[in-house]
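In structure tokens below, several structures.
You will see two complexes here that share chain A, one where it goes with chain B and one where it goes with chain C.
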Partner chain A sequence: MILWIAAVLVGMGALAWVFRFAGQAATGNVPKFRDMPFGVAYGYILAVLVVGWLIWAYFQGRSSDPAIANKFFFLRIGIEGFIIFAIAAWLFRLAGRRVGTAWSRKMFRAMPLTAAFGVMIILIYAILAIFAGLLAPYGQEQIIPGVAANITPGGDPALGGNPDFPLGTDQIGRDILSRLIYGAQNTVGIAFATTLLAFFLGGTFGFLAATFGGWLDQVLSRMVDVLMAIPSLIFALLLMTIASVWAPRLGIPLTVFMVIIIAVIDSTRVFRLSRAVGQNIVVMDYIEAAKLRGEGFGYIIFKEILPNATAPLLAEFGLRFCFVFLTIAALSFLGVGIQPPLADWGTMVRDLSGFVNYAQFAPMAATAPLLAAGAIALLTVAVNFVVDWMLHKSSGLKE
Partner chain B sequence: MDNVLKIIMQRLALGLLTLLIVSVVIFVAVNMLPGDFAQAILGQGATEESVAAIRRDLGLDQPMVTRYFDWLGGVVQGDFGASFASANAASFSGTTSGVKTVAQQIGPRFANTMFLAAVTAVIAVPLSVTLGILAALYRNSVFDRAANIFTLTSISSPEFFLAYVLILFLAVLNPIFPSLSNIYDGMAFSERLNKSMLPALVLTLVVTAHMMRMTRAAIINLLASPYIEMARLKGMSPMRVIVKHALPNALAPIINVVALNLAYLITGVVVVEVVFVYPGIGQLFVDSVKTRDIPVVQACCLIFAAAYILLNLTADIMSILSNPRLRHPK
Partner chain C sequence: MTEPLLKMRGVKIEGRSDETWNPIINGVDLTLARGEVLGLIGESGAGKSTLGLAAMGYTRDGVRISDGTIEFDGIDLLTASAAVKRELLGKRIAYVAQSAAASFNPAHRLIDQHVEGPSQHGVMSRAESEADGMELYRKLRLPNPDEIGFRYPHQVSGGQLQRAMTAMAMSCRPDLIVFDEPTTALDVTTQIEVLSAIRDIVDQFGTAAIYITHDLAVVAQMADRIKVLLKGDEVETADTRTMLDAPTQEYTKSLWAVRSFERPAKPAIATGAVPVISVQNVDASYGSTPVLHDVSFDMHEGRTVAVVGESGSGKSTTARCITGLLPPKSGQILLDGEALPASYKKRSKDQLRQVQMIYQMADTALNPRMSIGQIIARPVQFYLGLTGAAKRKRVDQLLEQIELEPSEYYNRLPSELSGGQKQRVGIARALAAEPKFIICDEVTSALDQLVAEGILRLLAKLQDDLSLSYMFITHDLATVRAIADEVVVMKDGRVVEQGPKVDMFTPPHHAYTDLLLSSVPEMDPDWLTNLLKERGVDNVGDAAVDKM
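Now for the complex of A and B:
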């Protein structure tokens, strides 16, 4: 095995050398080939091999022999998905450049493809979340009577699917497509509310600490230091366990506790940022002027500091949302997050994960858990692409 | 040198103080649980006397402050107390030989988690630093963009998504590695490595992306400096400019992000351990959180927090040592 890998590496090295030499000979020693380091030539060969392998695997996945096709099924789906998403993002950007106000058209013109992809996905998720009730064919808790568990997607009876349920039904006969759509509403909605609460708490205390300074700043900052010294997922798990005992006694849904717990834990990070940003603004002359005018603290925080701190806070909002979203998904996956009757992606992954092991015999069986997990990944990737672009734009880094 | 020693001692003292306060926070949080273990374990049919007896055995009838100092005193001597669940099982069977202390329960699992973290670190650290240097060298090329998209994707995917994708491709469709990591004592090293390879790969994907991006950013930040310009004008090759001139100055942020990610490895492994049923401390934590085995929960939390604080402290000290301007504060 190791010998085999070594042979491939050496062979690629030889190919790279031949490639560079051939390039030099064929083009009459143009600078591109003359000054090409060996590593770059090697990289070209590597890239050609990887792309070649992907194309080969793609056609293996379309092979008529099911044993071979099954093996490369997911690779094929992945490649097709990647190309479809890339084309969709490109079309979306093209549309954005033509339609809309002058401001939005200008924004789309300067947008890289990844950011366009991110904006597109976020819009789709927002529409799904808001209109879940209209779009989903069945209710999220609705157990359709007389329907056996059938997780084969596609709805093609020839492959064992059920045409009434495009993505199949889960173990107790609920429509997976409907639950995925409702999951957008529940998971994304709860994560969004949690992030808002975290920003409200962290932002308020951060600006207060920056404006007042002195003992208030010291007390708040030390408290935040202690909270940040405990790893957040561990602390959230610990507090959720305690909350899960209290929730039925107090008659408050566990989800409310989860929102508060995660918001408090995450607000520590927001506190740090808004305090640092606030401190930079507080020493400005216009704040001094406002103080001399006799303005109150409320005016200074909301009318002077907040408008000048929106840009960094907005980028942080995107990142925080991702973290909150992933934390909620992880908690749900571990069984202490959003509670069962509500459809939620993390819980769906946990419930359906056993089917991954059947993929060997019927690759379609693994799609249901991967769809739920992929739905989470797609949104966080999209948000991260947009935030990455915003940060890059505002940092003005050219090199 | 005295100066450096003084700074390190100061940081260590600060870290210890933080740990002490964290232990108070954990203890208070755990004691906010309504009812106690005695009631929980005896259930509906508990009589007053039996609840009181178990409480007395476990010391639950003491006031909270006393219990905290008892617990802390034991922890300092490496004694985390007896696990409630196993103490209870032993009291039913009438023997004391079966009582497992928390330290006995945690010890081997902690070693397993450290093993997983070590395997991951051995793969991830060299890989991410090399990739980061390459991305900085060929910045804005196709390679850099592809690496950027790939790392952003793997950072932002939930761990269980990456885990199931890897299980699907490397365990189910192409059986290269086992999808369950049932590690036990006395296993041969190669087999142990083989079984923990998939969780290690998942963790590698998550931390490599972060470390690589930070390495790239740290190096690119320096490329506008005059001394880099000078090295370039001398006619040095781009690779040598980066390795000899940019890398040593970018070491502080790189060390920092490596330490932070190692802290993540020890603490953030909960989900990965649950997916792969890896017998580490994260799984023990989730299990005992479900059975409300308070001594184990407390001990796990404290160990996680201690590892986290220690690694952050190391990052702090290393970045002071690698930067002469911080070594001699005004």
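Now for the complex of A and C:
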């Protein structure tokens, strides 16, 4: 095996050399080939091989022999999804350039494809979350009478599907499509609220620590250090377990506790960032000028510091939102997050996770738990694309 | 005459911004003979550095050479392969950057970085080049030449670092060195050491050099020929003496004329007049390190007090004591004869209003997220309570005072302004408070001479109109000559000499004042030679300081 790998690597090296030499000879030694380092030539060969393998694998996945096709099923879906989303994002951007106000058209003209994809996905999620009640064919907790449990996604009766339930049903016969749509409302809504709260807490205290310095900074920073020393997921789990005892006694929904607990734990990270960013801004002469003018702390924080800290905070917001989202999904997966019968993507992954074992011979059945996981992944990627783009814009970086 | 060493013909360079290529250099010719030193001068943005780098066949990211030819010793640098260029750069063409502190790797000792070039290019073995490095350090008059190489960059001073960098450029005995403003960031006294060291070593090895700077007096000492650039075009080229004595172009003449600005002397201060600001026996320290010792001087209405001294002499610290940012340990600050609270936090709004500050770096002194209008309007609203149309009217008035068109600049962001314009906005912000007293902390040191002169003229005009008092912190004595009424010389946290400007510029001086005064480069190309002769050639600055 090792010998085989070594042979391939050496073979690629030889190919890279030949490629560069052929390039030099064929183009009459243009600078691109003449000055090409060997590593770059090797990279080209590697890229060509990988793309070649992907194409080969894709057609394996479309093979009529199910034994072969099943092996490459998920790769095939991935490649198809990638192409479809790319085309959709391109069309979306094209549409954005044609319709809308002058401002939005201008924005779409300057938008890279990744950002267009991100905006599109976020818009779709937002619409789904807001109009979940109208869009979902069934209720989120509705067990549809007379319908079998565990209908396979895909709607192909030959593979155990049902055209009425394109994404199938779960282990007690609820429509997965409806639950996914409601899940957008629950999971995304709660994650958004939590992130906002975390930023409000962390940002306020971080900037206060940066501007005041001294003992306030010491006290706040050491407290945050203590909180950060405890592994966040375990800490959240512990607190959630305590909260689940308190919640019924106090008559407050457990979800409220969850929002507060995750927000506080995540605000420590926001605190560290805003304090660091704030400290860099506080030493600027314009802050000194404002202090010498006799300005109050409110003005200095909100008018002088905050506008200059938006770029890094915004980037952190995108990341933090994804982390919060994943924490909620993880807590729900562990059973202490969003409680049944409310639909939640994390819970859905957990409930259907057993089906992953069928991936080898019945890939359609294995798709069931991956739908919710895919929904999480898609949103995470989309949010990060948009944040990258905003950062790029606000930092004024060229190229 | 043999073939020139460097031949650039019709070189056009473009930079990419906002998705388009904009010209930086529009077709400049440059010829450099072996052993010749060419001075390249112009304002910032004239394309000096870009052209200097292009002479090495190099461009920064986002910049391309779009047209022309660059030939170095018969080798076409634009079509040469990467391998050929690698062989040339460092070995036959070397570069000395403006900021040596930022260009040395802080994690390696100087000598380790020095030997890299020669051993990489196979010119010398490591041991040979180490020995050679020490020899070069000696030639460049660095203290302890045998040991200094074993220090890390942060362990030597800025002037020494700049010389170590020159030694590094010399390590392979190149045919051409490009100096990119090597002394701009240095004090006048340090500048002389570096200048004389560079000049000698270039002379000794017969190296050709391109010397980029915006300081005419410096270039006059260094260059055989001077080329003046303006916005990417060549204005004129001539021998240094011809250029200095008889510039032919209007632009060159205006550059030459900058240093002629000088205000008429004001009448002596009436006895018994209450000073606007009086600094009395101030001692101050950062933590336990004392910085100021018994500093006292007065500043009167409508007059400018220039505070001069090297970096670290306590000029800016004095300003921090006056503004209240650093409460003095003992002594006090009087405003119109009344003691000001030590800390700015305890001062009343009116006391704060009377003392305003203009900063050295306009870039960091203006909030980049606020428009010019907002920046100026804030003190107007904060101190004078004006709102709405009245506020807008006052801001427009202030913008007119600083000679910026209100309708055009009101909504711009600081990043959309040039350095000089930003500094003007800083002035307007200080004026908006309608103060009696303004501290100008090195306000012109980051600006080109032409722009700086404009700022000085503006400040002088405002002083006449509004009878303001300035405390002008600077290390540039040309500025002092231009604007000051009284001068305070500081060294190591003490006032060594003070008095009216006329007295300061006529001997006899305190030894330190003398050193400062004689270190200001003059436009005379023989100035440096004469000065060194006068001082006795050996390590100029240090020797003079030691004498005191």
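Basically, the second predicted complex is superposed on the first by the 323 of 399 C-alpha atoms of A that agree within 3 Å, B and C clash if a C-alpha of one lies under 4 Å from a C-alpha of the other, contacts with A are read in each partner's own complex, and residues count from 1 in each chain.
By definition in this document, a residue touches a chain if its C-beta (ideal position, glycine included) is under 8 Å from a C-beta of that chain, and two chains touch if they have at least 3 such contacts.
None of the values given here were measured: they were computed from a predicted structure.
*Asks:* On the A-aligned overlay, A:328 touches which partner chain: chain B = first, chain C = second, or both, or neither?
*Replies:* A:328 sits against neither chain B nor chain C.
*Asks:* Counting only touches as set out at the top, which of chain B and chain C does A:111 meet: first, second, both, neither?
*Replies:* Neither: A:111 stays clear of chain B and chain C.
*Asks:* Tell me the contact category for A:307 with respect to chain B and chain C: first, second, both or neither.
*Replies:* Touch partner of A:307: chain C, not chain B.
*Asks:* Tell me which partner A:291 touches in the superposition: chain B (first), chain C (second), both or neither.
*Replies:* Only chain C is touched by A:291; chain B is not.
*Asks:* For A:366, using the defined touch cut-off, is the partner it touches chain B, chain C, both, or neither? Pick first, second, both or neither.
*Replies:* A:366: touches chain B, not chain C.
*Asks:* On chain A, which partner touches more residues: chain B or chain C?
*Replies:* Larger number of chain A residues touched: B.
*Asks:* Considering only the touch criterion stated at the top, classify A:353 as touching first (chain B), second (chain C), both, or neither.
*Replies:* The answer is first: A:353 touches chain B but not chain C.
*Asks:* Quick check for you: in the superposed arrangement, does A:35 touch first (chain B), second (chain C), both or neither?
*Replies:* second
*Asks:* Is there a shared patch on chain A that both chain B and chain C touch, and which residues make it up?
*Replies:* Shared contact residues on chain A (touching chain B in one complex, chain C in the other): 399.
*Asks:* Given the complex with chain C, which residues does chain A contribute to the contact?
*Replies:* Per the touch definition, chain A meets chain C at residues 31, 34-35, 284-286, 288-289, 291-295, 303-304, 307-308, 396, 398-399.
*Asks:* Could you pull out which chain C residues touch chain A in their complex?
*Replies:* By the definition above, chain C touches chain A via 16-18, 61-62, 79, 81-83, 323-325, 344, 347, 349, 352, 355-357, 359, 361, 364-370, 378-379, 382-383, 415, 429, 433.
*Asks:* If you look only at chain A, which of its residues touch chain B in the complex?
*Replies:* 37, 39-40, 43, 47, 70-71, 74, 114, 225-227, 229-231, 233-235, 237-239, 241-242, 245-246, 249, 322, 326, 329-330, 333-334, 336, 346, 349, 353, 356-357, 359-360, 363, 366, 369-370, 373-374, 376-377, 380-381, 383-385, 388, 397, 399
*Asks:* Could you list, by residue number, the parts of chain B that touch chain A in their complex?
*Replies:* Those in contact with chain A are residues 18-19, 21-22, 25-26, 29-30, 32-35, 138-139, 142-143, 148-149, 152-153, 155-161, 164-165, 167-169, 172-174, 179, 220, 223-224, 237, 239, 263, 267-268, 270-271, 274-275, 285-286, 289-290, 292, 297, 300-301, 304-305, 308-309, 312.
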